[in-house]
Each structure stands twice: as structure tokens, then as C-alpha cells.
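Once you scroll down, you'll see the structures, which are given as C-alpha cells.
Paired with subunit B in one complex and with subunit C in the other, subunit A is shared by the two complexes that follow.
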Partner chain A sequence: MLKKFRIKAGSADGADAPSFKGTSAKDLRKRFRKDRHKDKKVAVFRYAYYAPAFKFFVEQVLDCDYLALPPATKRTMELGIQSSTDDVCTPFKHMMGDWIEALERGANVLVQVGGPCRLGFYGEMQEEILRDMGYDFTMLNFSHGIEQGYVGWAKEVMKMVNPDINVPHGVKQLLACGHMMTKLDQARDLYMTCAGFETKPGACKRAWEGLLDALEGCTSAKEVDAAYSAFAAQMRAVPLDKPARPIRIGIIGEMYTAIDMESNLDLDEKLMGMGVEVHRMLNFTNRYTHYNEPNLRRGISEYVTYDMGPTTTLTLAAAKEYAERGFDGLIHAKCTGCTPEIDAMPVLRSLSKDFKIPILYLTYDTETSDTGLMTRLEAFYDMLAMKKEAQLR
Partner chain B sequence: MSTANTANAVKEAYLGIDIGSISTKGVVIDEDANIIARSYLWTEGDPAGASKRVAAELARQLEDEGVRIVGAGTTGSARRLVGAMIGATVIKNEITAHAVGTTYLHPEVRTILEIGGQDSKIICVEGGIATDYAMNTLCAAGTGSFLSSQAARLGVEVEEFGKIALTSEKPANIAARCTVFAESDLVHKIQVGYAREDIIAGLCRAVASNYLNNVGKGKRIEAPIVFQGGVSKNEGVVKSFEDLLGQKVMVDPDGHLMGAFGSALLALKAGPVQDGGTGPFARGSFDFNAVQDFQFKTREVECQKCPNNCEVICVYRDKDIIDSWGNRCERGAIPCTR
Partner chain C sequence: MLNAPDAAHPVRTVGIPRALLFHKYGTLWRTFFEEVGLTVVVSGDTTRAVVEAGDALSIDEACLASKVFMGHVDALKDQVDAVFIPSFASVNHRAGFCTKFQSLPDLVSNTFRAEGVAVISLDLEDATDAKKMKAAYLDLASRLKVPGAQAKKAYKAAVAAQAAEDAKRAKRAAETVALMAKYRKVASTDPHQKELAPPLILLVAHPYLAHDRYVCGDITDALEAAGAVIVCADEVDHAKSFKRSFAFSETLPWLVNRELAGAALELKDAVDGIVMVSAFPCGPDSLFTDALMRRLKELPILNLVIDAQSGSAGVQTRVESFIDILRFKQEGGYLDAQEIPHQGGQR
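And then the complex of A and B:
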């Protein structure tokens, strides 16, 4: 960094400025673009299937190196538990494990998102804990900048991570990153309605993993579209054996636990394995990109008057929509201590009574056992299947 | 199913075993779903041994009956282990097994309350079909284990608990939310000098109200109500439920066996074993002696193929691996040797 500074200082007074004579304008642009790159290793926490989008954000928007984390293991969880207070919500512990592993692997910058619940305080808390543990890093905490609007946020990002970001390019790529998230969610929705009925085991999964691989290599919105099209074509070609009226289950709940497979112990995959059509309105696109809380609340005005928290309105709106569409059951997934989703539960109970739709409530913490979850899911499935059988008879 | 039963032909029957955390239950039903043999004993931390003892007990009861057991089902927390052991055709979770068993015996039932050794559940039924259920999560307050540990503290046999509770006129008020707090509350009441029957009755009431506040929360409890599971044998808890709900609560004499009965029914529905392999069903019908003779062992293997180190559980019959589970991906799969 010092060296660069010296060159810049030197070039300012023209003492030993490199000669640009003879280089074309194209080469010059290239050189400047290259200079914008920072050799910082940036890590984002593990979250569901969004790793390709995080990579895109780091490489294309921040113009830094992305530090990819391997799949989480029991050790990740143990590290997270050891470094968190016991009462904190479970995602905090998962993220702490991710941060420690990222720092061990050489990360310089950690990216924490902001949020409208306790999530908004995660960055601050985690930074303090990690500093107390003796780690040295930069925490790019979106909760700081986000209150200052887009410009304030961009300034914060540039100040903290990379002052040389080409702003117009960064904005364009940020939109492309959002586009990738939308496509990921769209692909997951398609996958969850098909994978339970494939006749060749693993065919859908291969297409899905192929999409993730392809997206990892994308550098523009156009490439994202191409990758999605290839995935969709592959999915349509998978032979399905789907009954006319399959069992349909909607997953609702809290933003992290209901989506993240590491936290919910592969809830959606387990259901697909039983031959269920799985729906989940809750995802990044519906919660952030296309989120219009007051309008969403309009549809459930008989149940709620006020916005109760980060995902509560979406949870209830999704539940009502699924109930109206005649779904067989709903699964409400949340982590221990998620207050907004606890607030949603009494409303869900009256919804369940009004529409006669069973809801399975699952609360996850770091000790939740796979066996116990499987017992409950199997029982829920058996119940829905027997009910369906009796209805169709 | 064979219907060509001549006078001296042996009847076909089905076995159901429910291996819970505290007790192991076994029943044998005939083709018309009548219970012809039953057994109930403590698991004592040894599900394989307990199942062997249940099998021996059932065999003794069936000695003169002349039945062939052509199918078996298991349920309960050790269903997988014992299912592998006896070569069960149906291995089902305890919630389904209970719902199936109870709705068969009581088709008119609307609500099933169930309290077992470490779990408690509620099943809502409509038109003979389960429509909703809930099971305790994260907390086992107010289950059978709680009652038996408190019984030990008071120096009373848990079987006597209910009778003593009924003699109380003024049950003590005991915190119901948490087992540990309930216990400290209990110690306090003992030290202050409450009558023993009042404390016991208070405990029974605490179990019932804890159940209704946690598991039964938000569920419509409609009559007819059936209460089952090990704790249903406790008259004190039954009475507390009736007081709290203001409704009659039915307790089936075989209520504690309902899981085993349900899994036997599911086995009956699935039909006779087709290929028994080398297990106890090798000759087409269940061989009670074979189960006793085989040596079953469980070993835990830590998979080393990735840093997650899944604990894979392998069940051995003599020297053969007959089942394994616990691996999260295919790489950790351990094939059966038979």
C-alpha cells in the first residue's frame, strides 16, 4: 500500500511518472481498471444458497478477492456456540462460527448485513466479540451505512473496503447482483416443486448444483440469464412422476432458519424426499427486492393491523395465500428466541382454525436433533397423506 | 392374507413393538385386529434387551394359541434399531402409530392426549383421521420421567402416585413450567411441611396444566377425549385433566399399548413379510427363539471422509451389519453385509 502511495505521490509531481507515450487508450483503460482492484480477502457468512451472489458482490461490486467458505461442519457450530452468549438467537451463533473460520482462512474484511430486528445489532456485537478474541479485520456492517440512504451506504463501503470502486460500474453490478438473487430464488422455487417427483434420483439436484456452479463464474447480468435458461431447460427435461394432486406444503417463518439448510437441517430436502411439493414464498427476492409491506399487509387486514417485524407480514401473507390455494399443510420454522416470529404464532393459530389447515411449528436451536425432526416431519407427512387419501376416496 | 383357515390351520398374526425411552411395549394381533398377547416392561436403557424380553413374554402367552406371526412393525425412539433387529416390515414414528391405533379402537375420538416417558403430544382427529398434531420441543417438563424422578424424591413408587393423589383435598400449587423450578418449588413445599398427598396431587395437576399450556396451546380440545401413554395410568393426572378441561377423559385399559397396537395394525395393512432374508422371518413366520439367540450389537463409527465427522451407527447381528444410519451424505454410507 505504501509503495502504491509513493508511486502516486511521485506521479503527481512528475518526477518519475511512467511514460504513457505509445500505449493506446484501450490499454490505458485496462491498466486503470486493474488498479481499482484491492487485494483484500472478503468473506460473507454462509447463508442458504446465496454464496454465488455474495461472490458476485465481492468480486464485481467491491472489486476485492472473495474468500469462499467450505461447507459448515460440527466444528463451525462448536466455534459459534463457544463465542456467543447462550440466549442469543441461533443465526448469531452460526454466523460467529462462519466468521472465525473465515478469519482463520485469512479474511481481511467481513460483510455483515443489516436487518430490522436483532439482526441489525449482529454486526456491532460480533465485531466486539471477535476483537476481544484478538482477531484483526475490517467489519463492513451494512447497518451503519444503510440508515444514511444509498449514497451514505456507498460512501461507507468505499471508505471501509475499496476507495477505488468505479461507482457507475459498481451500481450496475449491484443491480446485477440483485438480479442473480432473484434468479436463484426463482430457480429454487422451480426445484422445490419438481425434485420430490423425479423418476431418476438426483437428476434435479444435479441441475441445481450445475446452476450454482455456473453462477459462480458469472460476471454480468447477461451471463446470469444464460445460466438460468440452461438450468430451466435442464429441469424441464427431467422426467417427473407427479400425481394430479400432490401433497403440497408451504414453508413459512423466519428469514434465516426457514431458508438456510444448515440451520433447518435440510427441511425442504427432507420434505422433497418424502414426495412433497414444497413452496416457500419467503426468500431474498420477496423480502427485499420486491417487498412492499403495506400492500402485503392489505391482504391479511382481517388478521393484523400493524407491521410486527422483519418477516412477520410475509409469514402471515404466505400462510393465508397457501391456505386459500388449498395446500395440505404449513411448516413454520424459526430459531429459538425469534421474537417477531413468536408474535406471528397466535395469528397463525387463528388462521389454521379458520382455514382448517394444519401447521407444524418447529423451533430450531444448535442442539436440535436430526432424528427428532425426522420423527415430526414423518408424522406430519403421514397425517397429510392419510387425510388426502380419505378426501380422494 | 390367507383366508383359507381350516379348523386346525394356524392363524396368522402380526407383532407390534413400541420401544420408548422408559418402557417397551409389545402386542400381537390376529387378522381381525384383536389383541391376543400383550407385554409392558421397563426399557432400562437397553432397547435391544428389552425387546428380547418382550418377545419372550409374548411367546410365553402365545404358547398354546398356535399362531404364525407373519409381519411385524416397530415404533418408538428405538424403532430403527429394533426394526432392524426383528426384520420389521413397517418402521413408523410414534405419532402416526398412536393415531392409527387409537382411531381404530375409538373411531369417534376427536382429541388424543398422550404423555409418555420423555415426550408428550396431542393429536386432533376429525372423522377418524388425524388433522393436526403437536409434540413437545426443546423441553420435556411434565412427562413421565419428571413424575418418576419426583416419585423417587418423595420415596413413593410411581405406580402408587395416582392413588395417593386422589386422596388429597387441597392440591398444592406447584410451578408447572420448568422441571427444575417445579423441583425447587416441590422441595420448598416439603420443607414447609405440606401433606404428602397434597404435594403429589399438586404434581399431577402441574403435569396436566403444563401439558395444556405447552403442547395443547392453541389446539381445540374437543370431546370425546382419549388420554393415553404411560402417564395415563396415573389416576391423579386423569382427574386433573378432567378438572381443567371440564370434560370426561377416556382412558383405554390398553392405552399404554396403543403405539405397539398401531404399529401392529400398520404391519397388518402392509401384509405378510415377503422375503425374510436371514433374519427372524427367514422361514416366513417370526421365530421368537431366533431373536433370543442372535447377538445384537451397536457400534458407533466416526466417518473420516470430511471434517463434519458424522457419527454413523451400525447395528450388528452376530458379525453382520444389518443396518446403519447417521451419515449425512452418501460418502459415509456403510453397506449392509447381508
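And then the complex of A and C:
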């Protein structure tokens, strides 16, 4: 009010006019630039090693505050079990636990993805359960707007979370986020082929965790590349004692359980601990960024004609590729009741018979015991090792 | 395709398993193949032997309905040149199917790989898109070397037959509801309040459960024995139910569940209670059941999950006690029933 008055008064007599000298147009623009940031605390469910990418998405694309979740505990699982129906698939329960913990820690916005199976209905159901429990929040559910693809999702984001997003900047950063996920997958692939053979225990793991830390601080695609380069250099420098023909195991299966270490009880680390070269074609890059289902299906056309489900084509294509490359065994990991992966199993049986490759089928639920899993993995490893020894002799 | 029929053995007899979506699209399929000049063999009713054979052929964790399906394919395989199993994809995010229906042809091909059961199939991307559906069926006919004109005529006749069948069922359901409403109105005029209309139950179950005597027969028998009248939710007018289901849920991905939800919304004031039946372990129903229970809180709901081991005694007890509760409520036994006209304030 006072400012207005002064300018008015100044312009009236002409002598006391406010001076803009020394204030360039650029400074002015800066002064009046809209603050697009929203002080909302946005949480994403815990999923494998993708937390840095989720953080990047929230901070750079949504332009909000990211609420980081600490590692899951037994309590997380129990919260999830208590708030879900019994026969729903296990990822639903894991996510429910994540949501409750996030809300307890002050989250205002929860981000749920859409998907082609039950996952497409997760968001709506989880929102309803949490509301019935009395929580107050906004759910950014990408099952809405899915008919219009990216345009629909952008509208959904602006409606639900941040209407002031700078769209061109957001698109650029979304691509950078996808790039970070690709780099994460690439780094994980490198890590899983090396860590089983390191001579200094923990060297690879330190490099891997260093990468995750570095990515947490990245704000652009360029910084992501720099962080990856540093990680790769560190990994190449780790001395390895790798036999000429190591035991190689391919992990195939369902998108959540086969990747997420919380759900599959650290399957990767357990195998690497036995000195196995671990491969997993299933990851975000191969399922979303570079996914061409009809073309991928060409390679397995002697087994299937149609797309059999969200990740089934990738499961079967990976299985066949690993078998053709002479892998020692495959591990098929899924959660209880995952229909598409159950349907992949008869096809895997055909494949296993044709290529004479052993497959260990693991079904995880919330009660799966760590020791029980270890016993099965050790037995599987011993069998593969004996087979390999007989072959090499 | 692993077991596609080869040119040397043209398909003359086609088998259709009496399971899963046969109970929804069976008339269309049967009419279509008959009209293009093939002999159609539909497998018999589900029996214990069929279920046991299907169980042995399936992965343990697969749902009961898919095990039943495998049993039917097994029963058909020696009688026919090829088994017809379409693949329903979920291109439409709001009217898709459980991925089971997408994978069935390949699942059967691989399960019966040693026997070499020939499968004829087609890719149905979007069941709500009439144009695409027609194109897919005509493509199948051309693969079967049927002349184009005959195929078109056959498809037209098949769609008309299915529409007539659906309309007949919808009419039956609507008539039952109307009749019961009338009964209730007449009963309410009884000065002694002794006359009570039988409870009207909405059976919310996938068509392949509701119309399979082996799977659901115990439940419907027990309901009828207890004096209830049943309306099947899957028989209520499909187009209307589908439209109405968007008031129930925006993101529900499955067409069949949408039709059930829409019917439940439409009839929630007309029925006394809902009996939900799902096959263990049904993917869509694991979420849908919960959604329905949370959103129709005012209505009594009995939720039954059936598996291959189900005996009839347990089902009978639960159904009887459910009907007893409904009767008690009808008679004004519960406090909230005081709001029912003519009965308020008498207790």
C-alpha cells in the first residue's frame, strides 16, 4: 500500500520518481519470477534400488519436497498385512506398509503407478483403505489419465499436486529421470556380474552404495552421467578373482518381487555371496524405456503366439536367451497369486525341457523365511556346481 | 503358435470348452462356427473328474476356474480337430480382462504340448470395440479358409444370437426383480404382518462360476432351499451395468467386474442381500470383493470363496445363517430396521 502510494506521489510531482537505474530487465524478471515450488511432502513406495530416481522425479519434475523412507522393517510388513485383504498379491501389502509409514512421517502426497494387471487397481483401493483408516492425504494415481497417456498423466499431476509446474522444464527432467533409471539398471547389471568374485569383501558394494548416494544429489542428466562414470571406474578397479567359466544364474519373474530386495529377501546378494554371476534382464529399462513387446515376442514364437501378460513376454524371452547362452540355471521369482507369472510357468517348463536348463521356482509371500530360502538356494547352487564340474571334466 | 492346425489337416470339428468365458460369449462362438460350416462340440458339464483332470494339468497356484478350464480341454482333445480358445487382451484400460484370458491359448498349447492339441485362436484387443471384434473374427475365418461373404454373414448371425441370449437373460433378471417388488408391496399390506416376501439375493459372481452347476450349484441350491430368490448380477443388462459401474469406480480395469459392480449398484435397493462368490485364488476378486464390501456398507453381504476342496456342508451352514439374519432383519429384529415403514416403534 505504502509502495503504491509512494510511486503515485512520485509520478505526481515528477521530481521523486522511483529510479530503475542499475536494475537491469533481467534482475527485474528474476525478482518477479513465480515461485513454482510446492511445499508438499511427496512419498513414493519403496521399490528396489530406484529411490534416487523417485527423488529426482519428485524434486525435478513435480517440483515438491521428497519424503525419503528409511529401510523397511518388520513393522512395515506387519502394517501392510493388517491393512490388506488376505489374498491380494504381496506387493500390495508391502506398499500399504510403505504408505502408512510415509503418512506417519508427514507425507501429504503419495504416488502410485498404474499397470496392466491388478496393479491398475492398486491406487484406488489403497487410497480407499487408507481413508477408511482415517488418514488424510492426496493420492497421485497414474491409473487416472492412462487413456490419454503422457498428456493425461501431465494433467493429473497438475490437478492433484502442482499446478505451477514449468512444463518444458518438467518434460526435460522427466527424460533425465528416465535416463537415471537406465543408468541405475546398467550399474546394477555391472554390479551383479562382478560382486560375486571380489577379492576384497565389500569393495563392490561400497561402489554401488556410493553410486546411490551420488545419484541422490543429482539435478540433471549430465550429473547422472558423471556419477555413473565415477562408479564404473571404481568398479573396474576392484580386483576380481573370476574363474573362466563361472556359474551363471539368470533371475526372471515378476516385476516387483524379482527385483525388490525387500520382497525377495536379498536374492541377488545371496547368490553373489555364493560366487555366482547374476543376470536379470527384467528391469525398468527393459520393461518400459526400451520395451517393444511384439518384437520381443518374435524370438519366442515357437512357444507363444500372444502377449501373455505384463511381464510374461520378457520373462520368457530372458529365459530363452539365458538358456541359449548356456547359463547354468534360472530362478523364477514371483509373489503369491501373480496370475501372469503363474501362466508363464507351463511355458517355462517346455523351455526347460528343450534346453535342459534347471529352473528354481520361488513364490514369495509375507511369511517366506530367510533360512528356508537360503537352504533352497544352496541346494540349487550345489546341484548346478556338480553339473558344471561333470561337464568340465 | 506351438500347436497351430496345419494345412494338411483342415479343421472340420471345433471344440469349445464349457468353461470361463464360454458362459459369457458361448452363444456367439457356437453360432459363428456353425454358420461357417464347422461341426461344433461343446464339452459337457463340469464334473468331479473334469476338475481333477484339470487340477493335475495345472500349476498348483492357478485359480480354480482355470483348472476347470484345463479339465474341459482335456475332455475335448480327442474328439475334435482343434480347440477354440480366444485371447482377450486389455488394450482398453477400463474394460479389460484378467491376464488369464489373454494367456489361455498359449497356456493350453504348452500344457498339452506332448499330446499336440491343436488350438485355433484370435486376438481380441478390446471387447467393447465392435469393429475390432468383427475384424478379428473375420480374420480367423479367413485362416480357416472360409469365404469372406459367408464369414461376414456368420458373424452377423452370431452377434445377433448372442444379443438375443443376453436380452433374454436381462429380461429374466428384470422380471424377477419386478415380481419380487410386487410381492413385497402386497405382503406389506398384510394387517397381521405375518406375510413376508422371500429374501431376494443378488448373486455377484463371474458368469463362469454362477452358471457352472458343479462350482456354484451347492450355493444356489442352499439359497433356494432356505427360501431365497436369486438374481444373477452377470445377467443384468450389460451395457447399462457397464455404464453405471463408473459411478462405482473410475479405475476398475476388468469388464466382467464392471458389469457385476454396475448391477450391484443398480439393484442395491431392490435386493435384501448380496452373496459374492469367487474362485480361489481369483486375482481381480481379491481387490473387487474388498471394494464392493467397503462401498455397499448398507447391504448385508456374504462372501464365499470356493476351491477344489469345498464340501457342501460348510457352504450350507453359512448360507442358512445368512438367510436367517436377513429374515430377522426383515421382521424388524435389528434396531436399524425400525425405520422400515409399518414396523417402526412396535418393539
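Note that in this section the second predicted complex is superposed on the first by the 359 of 393 C-alpha atoms of A that agree within 3 Å, B and C clash if a C-alpha of one lies under 4 Å from a C-alpha of the other, contacts with A are read in each partner's own complex, and residues count from 1 in each chain.
The definition used in the following text is that a residue touches a chain if its C-beta (ideal position, glycine included) is under 8 Å from a C-beta of that chain, and two chains touch if they have at least 3 such contacts.
Predicted model, so just to flag it, every value in this text is computed and none were measured.
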>> Based on the shared subunit A superposition, would you classify subunit B and subunit C as clashing or fitting together?
In response: fit
> Which one hits more subunit A residues, subunit B or subunit C?
Replying inline: C
> Given the touch rule stated above, what does A:E378 touch, subunit B (first), subunit C (second), both, or neither?
Replying inline: first
>> After the superposition on A, what does A:T363 contact: first (subunit B), second (subunit C), both or neither?
In response: both
> Where does A:H144 make contact in the superposed view: on subunit B (first), on subunit C (second), on both, or on neither?
Replying inline: second
> Does subunit B (first) or subunit C (second) touch A:T336, or do both, or does neither?
Replying inline: both
>> Quick check for you: in the superposed arrangement, does A:S352 touch first (subunit B), second (subunit C), both or neither?
In response: first
> After superposition on the shared chain, which partner residues are touched by A:D136: those of subunit B (first), subunit C (second), both, or neither?
Replying inline: neither
> With the two structures laid over each other on chain A, which partner does A:D39 touch: subunit B (first), subunit C (second), both, or neither?
Replying inline: neither
> Which of the two partners, first being subunit B and second being subunit C, lies in contact with A:G309: first, second, both, or neither?
Replying inline: second
>> For the superposed arrangement, tell me the lowest C-alpha distance between subunit B and subunit C in Å.
In response: 5
>> Going by the contact definition given at the top, which residues of subunit A touch subunit B in one complex and subunit C in the other?
In response: 336, 345-346, 349, 363
> Can you list the residues on subunit B that touch subunit A in the complex?
Replying inline: 77, 92-96, 99, 127-135, 137-138, 218, 220, 306-309
> Which of the residues in subunit A end up touching subunit C in this complex?
Replying inline: 85, 87-89, 92, 114, 116-118, 120-125, 128-129, 132, 141, 143-144, 146-147, 302-310, 312, 336-337, 339-340, 342-347, 349-350, 363
> Which of the residues in subunit C come into contact with subunit A in the complex?
Replying inline: 1-2, 4, 59, 61-63, 87, 89-90, 93-94, 96, 98-100, 102-103, 105-107, 109-111, 113, 121, 123, 249-253, 280-284, 286-291, 294, 305
> For subunit A, which residues are in contact with subunit B within the complex?
Replying inline: 70-71, 73-75, 336, 345-346, 349, 352-353, 356, 358-363, 365, 371-372, 374-376, 378-380, 382-383, 386-387, 390
